[in-house]
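The data blocks that follow each hold one structure.
In the two complexes below, chain A is the common chain; its partner is chain B in one and chain C in the other.
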Partner chain A sequence: MRGRPNPAALRAAATAATGIGLALILGVTAGTVNRVRDEAAGDVGRMAAALWELPGGGEAAVTAFLAERATIEAVRTDGARTGAGAHAYRTGELEPAAWIAVAPGGQGRTWPHLPATLALSGLLLMTAWAVARRRSPPSPRFPTIPALIASLLLAATAVAATGRTHRLLADLTTERATHGARAAEVALAHGADHGQARRAAGLPPAITPAPAATPAPSGTPTPSATPTPSTLTTPSQPVTPSDLLDALPGYEDTRSPAIPLTAAAAASSLATALLLFLLPLSTRPRTLRRTLTAWSFLTPAAVLLLLFTFGPLLFSLWISLHEWHLVDRVHPFTGLDNYLTLTLDGQWWSAILNTAVFTLHVPFAMAVALGLALLTRGSRRAVRWARLALFLPGITSVVAIAVVWKWLLDDGYGLVNRALEGVGIRSVPWLTSPDTALVTLMAISVWMVVGYQMVVFQAGLAAIPRDWYDAARVDGAGPLQRFRHITLPGLRHTLFFVLVTSVIGSFQVFGLVYVMTEGGPLGATDVAVYHIYREAWEFLRFGNAAAMSWVLFAVVFAATWLHFRFLERRWAHA
Partner chain B sequence: MTEAATFPGTRNPHTRLRFLLLLALLTPACTPSPPTTTLRVALWAGGHELEIEQQVADRYEDLHPGVRVLLESAPNGYEERLLTSIAAGHPPDVYLLDSPDVPTFVDRGLATDLAPYRDALGFAADSVFPQVLDAFRRGPAIFALPKDFTPMVIYANRAVLAGAGVEEPAPAGWTWDDFRAAAGAVTRDTDGDARPDVFGFDFPRNLYQWVPFVWSAGGDILGPGGDIATGYMDGPEALAAYAFLTGLAVDGFTPGAQFVQQGDPAREARFASGGQAFLLSGHWTLRVFRDLVADGTLDLAILPIPHHPDLDRATSVIYASGWAVPPNAANLRRAIDLAGFLASPEAQRIRVRSGLAIASRMDVAAEIAAADPTGVEQAFIALTEGARMTWGAYVRDFSRVEALAVEIMDRRLLNGEALAESAGDVARRVDEELGR
Partner chain C sequence: MRESVSGTRGSFGRPRALATTARTTLLLLACLAMAAPFLWMAATSLMGQLEVFSSGGRLLPETPLWSNYPDALTAQPFARYFLNSLVFATAVVAGQVATATTAGYAFARLEFPGRDRIFMLFLATMMVPAVIVLIPRFLMIDALGWIDSYQGLVSTELVSVWGIFLMRQYFRTVPRELEDAARVDGAGPLRIFWSVALPLAKPAVATLALFAFIDAWKNFLWPLLVTRSMEMRVVEVGIAAFHSTYEINWPYQMAAGVVAVLPIALLFLFTQRYFVRGIQLEGIR
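What follows is the complex of A and B.
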């Protein structure tokens, strides 16, 4: 039985995968809590450092701030390791650990990071070993129930760990707010102004509007008000813990372990299920070997697909459920708000409508491409050059094409308008009128895609047997009848392929709009992908942009499904 | 050859030679080299400007052996790239912060307060143009050390004015009526094709261009706190500015408007070649014209923005940039030191060769102006007085306001809509954005 896999070993591996998953969950949780404790210590350290630097601050202020929690000597003792005191904290010389004595969260909140992880891993490995020694034959129904149990166990642990960690981090946030309010109070008591007190509390710099200004009345113009710091003032109210809770992102928001925990649970469940799936096959070594061989070939592609296609897809779905800025530390969960906002966003639906109108160029382009395919069959030199010339726009950079066309179509000095004027035709505002801009882009798009479509159609035409045309000629069919009854039915699969891919491609149009019109004039060429781009990168609303992407996906999916539902069947049975 | 003559363990007589050669080659590689710290600087310079910045970086490296300064320039898509690097946890050590981006970065805690390091860096706040420094300040905190700045001014082509018999406007100031009269006088058809070939101006479509016209009418686009547009963006002074500017376009004193953010790509070439009398721009355009001015091809005048006839002076807008340090920079202390150097008088003197903008330090700017025989630099400095920093330096995510504001005059020019109507609608939508 050389090479025959051992069912017990597979079972042990599956159990071990579950155990490693559990250990991973615990490790992530413990690591998060410990990291945030350090961060919280650093935040309190910054408050102390700010108090230290106040003109009337110094040691007295820091001692007052530390109050009952610790003495400055304790901090200095730790800080002395690097030869620096509180002042040096700002420059990164003082280890965050030096502030743990006064950090929120205090002692006794540490997760038993390493010992617990090791203990649990060891326990589970021992269990796996014990199971492996039983060598019982695998049941045909074996994979389903254990895989389910393992997944449930991992999911339940992940949920519990997330909840527990969230509560701990929320406690740390509350304690930091208390410390911040105390720091502000101490700062004010030591002669600081409100701006300095806010800074000591760790609050971000803030401006508030000056007292309500009366809108400028009509009549004689008055000199303008200059927005200098004299009108953009700092709030003068005392700092309260609520201010800090409102203004600063909570640790539970910025360091939530939900994503890594979910990922750990999902990966472990997958590994366990995979191993358990292989278990019944272990009694059929040839099948198992073939399966493993197949998967070894598929794995690289599958991993790439998971990482770079499905991963980003799921991440964008996650983003669409949050208020998400690229660099904000907090991404509040908003549920379906982004999607609901879209339903009322007229500009978005206008962009979808523009995209749909733009897509109307597809059937026209297909008709032109089919005509050109029929005209440029053969291998004569002139025909080959014509094919090359027609195909070139399809392989040229969209940006280069857009730049050249933009110059050609310029209202004032564009070659096209000059040529029209030369023959007595009034110049046309190709890209500067809401009435013509989208149509112009559609025309350029037709010019760009016909070459590629023509080549695809010619491949389809080559697959139609010549005998059919000969038989039709013998039967007296004319060119139009041959086209209608032989060419079109013979090309139905090609037509369907070109139609679906072109519609999908036209829904994703971006380059032409980005370079030539920027969505204008007055939104006439604002298509869906360009709208999404601006929402994300110009207005930095990634949550909205992600929701728009999913709505666009749904629209494209629906359009493609409709094609399959109504056209593919009809054409397939034509 | 005996066996003893060969290298031990081999029978090849050349092996010893090869071995010694290899040793000789490896020796330099084994020599301990001084430790090198690499500091990454993000900026948007391109072409000649980047070469100048490299000279500044080289100078810093000379002064700080063991430090390497790596310039990571992104002339296009700078903000996207910078935000992405920060989000990815790999921020540059120092980055160039544009004044309209200040709230985006400062409010999100992406810039270190450099005020505590002023003394160590030798940065004197009172040596910098005050309105420039204010853009980067929040109370006592300073979130970027000013690099340079420019006010928006009117460039005038003296040859075009003289060709139309128009007297050059006084540098002290001129009104909208003066401007309109001059623009109308120079606009003409020179080749008999019934279409004008010389224009007075080009239509300033974007908010960053037209906002000084609103200010120079005594109005504003936002209330003093920067949180409301209704009553300001659609106020009578703003409407007067819109009417003045669209009037120039409707009357044919400007070429056809380009409804894209980058505006008319041919405007500078048209101005320099005598096809346009006035050009609204900042100091950055000067470097394009410098050679033409030097060889006498172009005779330039730098003029203030024209103002409403009922006022006695204009208010221009200032755009500035400064060096900021992210709080999570890998080498925080060295990064702060580098930011200080990049904003230092020495760096500003090197940088002035690019001709991109005005040095943020008053003493350096004055030196440059004194050494400029054309008087152009002095004219720019004079026009800085009374100019205001852009609203973008104070209002978070101002790009949304800018994106909406272009509609006001677009709707008038493209759809013939009343300015009061379009401005009122846009102001309402801006209020919604500001309230989000």
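What follows is the complex of A and C.
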């Protein structure tokens, strides 16, 4: 990188990056539309083929169905197909076989003008900028305006293209529904039964859950031999377009180009911004070289964080605005519905409440840890040995620890209850009563985190100058006064740090609950992360679970903020 | 300070000795309370399956039943679980050390526009509860077809912002003169990083590696989500599955628990000072 990069070349490259992004957006749009038109024609072709194969069907039925759009030819002996430029559907192996070529539909709307205009004007604007400034030296500041214009245009084009494509695909969905109803009608007219008519329309065999699905007029008696509601019955009603709209996911849902379009716009904005970012540096080759060196060091971490932290954060927000089931291919946009549902979800709020109560173990743990740190103070040997015993619970396998405690606290045979009975006290249902389970988990958690907190406090204590204690002793301060006026103020930053990190940590408790109580009994230990885990990986409601995780984030954030607002200020000026 | 273990020779001999004794006793009691569950785990792991339910209740096995260990560890493929945990933890250590040393060095020593703002942006992610990114990460790994594979387990865990922070703090304490001398000798940035700064940062790298290893070894939720088959389970998930299969066979479970706890306990025993350094670096800031 010894050579000085040419500003004009950088401007041209930035323009090109924007241009490629815009072209990509339009290309993806056109590609999606063409592909789905073909797919839709294929779906119609399948309806025609089903009509062809009906016993009373054949060419007459297909012609009645698709007078305008289809060309039908018998299969030529060499198997080659005719009907160029149209989607051809070869009917089954049964004779008479035929090619039914269906012209693509969705002609009502043509080339997407708005996104194309936007893209073209954006490209012109960028080119004009690059050409107009081709001889001027770059200003030392980041060219905000061109960067902003480029990314805004990319975003606008992507949004317009997405909207345009969605409308077009929705038209194709409606068209398929109309054709389906027509196909069913033709099938019935050609002597098919209702099941065959549904199949011709492309509908799955109907599994009607209850007679309610067939609000049969009094004239058509439902077969009395099928008393169980979940049997396979065919509604003896003509298929309507809305049947298809309800039963089949629309093309705009299954083939939505939103994600590739967003990705193209984002990548292109990023590339443009990056190239523009180099522009002010191009006059300062030293800075430029340093920047490039620094980024070559930073890239591995930055790329991984972008992919697996920042990206997922945005993705999670996106998921939380959708009804997102893992098994469904379609994730309808529902806006804030998930959040609104949550506000009324009593179980969720009780999980939040349980989490908050669980967090109350932190001050107890801190008191114990501080006591232990004071006990081990000044003796290196004691410090070392105490550490080993006290630290182990915090660093070893949470699951193994949870299993041990479950055994220790077993109702009938656990060591703790046996000891209690040994000294004549009634055994306690530690984990099996809703009244005690959460408190038990809190106690175990104290046991787990005390060692870690003790080590932090030891470090904090070591940082308090000894002279202060000596001076206080000379002034006649007793141990309690020294603790109150020297130790506590000297530790306030450490105390604050431990409090905040422990509270954030305890909001995320999972392993203990998963192994020991599974949220029970009666939801008494159902904490937030466990609740989210079940919502997502047991009930597969990812949208709800994502919304919950954002609510949890808000709660954690609020708690941290409160700590900073009320405690740090007070402690910092104590 | 008034405390001194060598104790009794001071002029206030008796009260000080008394205080020391009281303190030592208290500390011993605390240590015993902390260690008791582990001791009980070890004791139970050597008892018979029915012995643990015997009416009297005993603290130690009548005769140590060592066969519990081979029996429990072959009841499920624990060797495979250990191998998986080892692969997972080692890959995470390698990844986090590589990303944290390079990024930490850039933030500490290299100059570029927006450095401190980008660093703050990185740090801000430490505030975010891990559960938020869990769902999108799972969906991404699923879309890549990496569920139930090593790359699925590892890829999301390769960078640690805490590690970047730690390395940045440490690199800032390394004297600049050494780097300047290397620069005068004509070494490039990469060369300086590799042969001057990184060797000096060995203690911090050791701390980071240790924490990364332990965190990966203890990681339960992520491996629980992205592994399906028994062959891909890590130890933590394996123990949990073992627990739900062998519900009341406590000796077997305790034997598995001992085997899960032991490596980490030994590791801690020999690397204590790096641990403590890490925690103290974190705590004082």
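The rule is simple: the second predicted complex is superposed on the first by the 388 of 574 C-alpha atoms of A that agree within 3 Å, B and C clash if a C-alpha of one lies under 4 Å from a C-alpha of the other, contacts with A are read in each partner's own complex, and residues count from 1 in each chain.
Note that in this section contacts are C-beta pairs under 8 Å (C-beta built on N, C-alpha and C of every residue); 3 or more make two chains touch, one makes a residue touch a chain.
As the structure is a prediction and not an experimental result, all values here were calculated from the model.
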{"item": "Which superposed partner A:436 touches (first chain B, second chain C, both, neither)", "value": "neither"}
{"item": "First (chain B), second (chain C), both or neither touched by A:262", "value": "neither"}
{"item": "Touching partner for A:413 - first (chain B), second (chain C), both, neither", "value": "both"}
{"item": "Chain B versus chain C as contact partner of A:537, first or second or both or neither", "value": "both"}
{"item": "Which superposed partner A:545 touches (first chain B, second chain C, both, neither)", "value": "second"}
{"item": "Superposition-derived comparison: chain B or chain C, residues of chain A touched", "value": "C"}
{"item": "Touching both chain B and chain C, residues of chain A", "value": "413, 537"}
{"item": "Chain A-touching residues of chain B, taken from the complex the two chains share", "value": "77, 79-80, 83-84, 86-87, 104, 106-110, 113, 116, 131, 134, 137-141, 143, 215, 217-220, 223-227, 230-232, 235-237, 240, 255-261, 266, 308, 310-311, 315, 332-333, 388-389, 391, 394, 397, 399-400, 403, 407, 410-411, 414-415"}
{"item": "Footprint of chain A on chain C - complex, ascending", "value": "1-5, 23-24, 26-27, 30-32, 34-35, 37-38, 40-41, 44, 52-53, 57, 98-100, 102-103, 105-107, 110-113, 115, 118, 122, 125, 127-140, 155-156, 158-159, 161, 164, 189-190, 193, 214, 217-218, 220-221, 224-225, 235-237, 239-240, 243, 250, 253-254, 256-257, 260-261, 264-265, 268-269, 272, 275-276, 279-280, 282-285"}
{"item": "Footprint of chain C on chain A - complex, ascending", "value": "277, 281, 287, 290-291, 293-298, 300-302, 304-305, 308-313, 315-316, 319, 372, 375-379, 381-382, 384-393, 395-401, 403-408, 413, 415, 418, 422, 447, 450-452, 455-456, 459-460, 463, 466, 469, 493-494, 497-498, 504, 507-508, 510-511, 514-515, 528-529, 532-533, 536-537, 542, 545-546, 549-550, 552-553, 556-557, 560"}
{"item": "Residue ranges of chain A touching chain B (in the complex, touch as defined)", "value": "53, 90-92, 195-196, 199, 204-210, 213, 215-216, 218-229, 231-232, 234, 325-329, 410-413, 429, 432-434, 517-518, 520-522, 534, 537-540"}
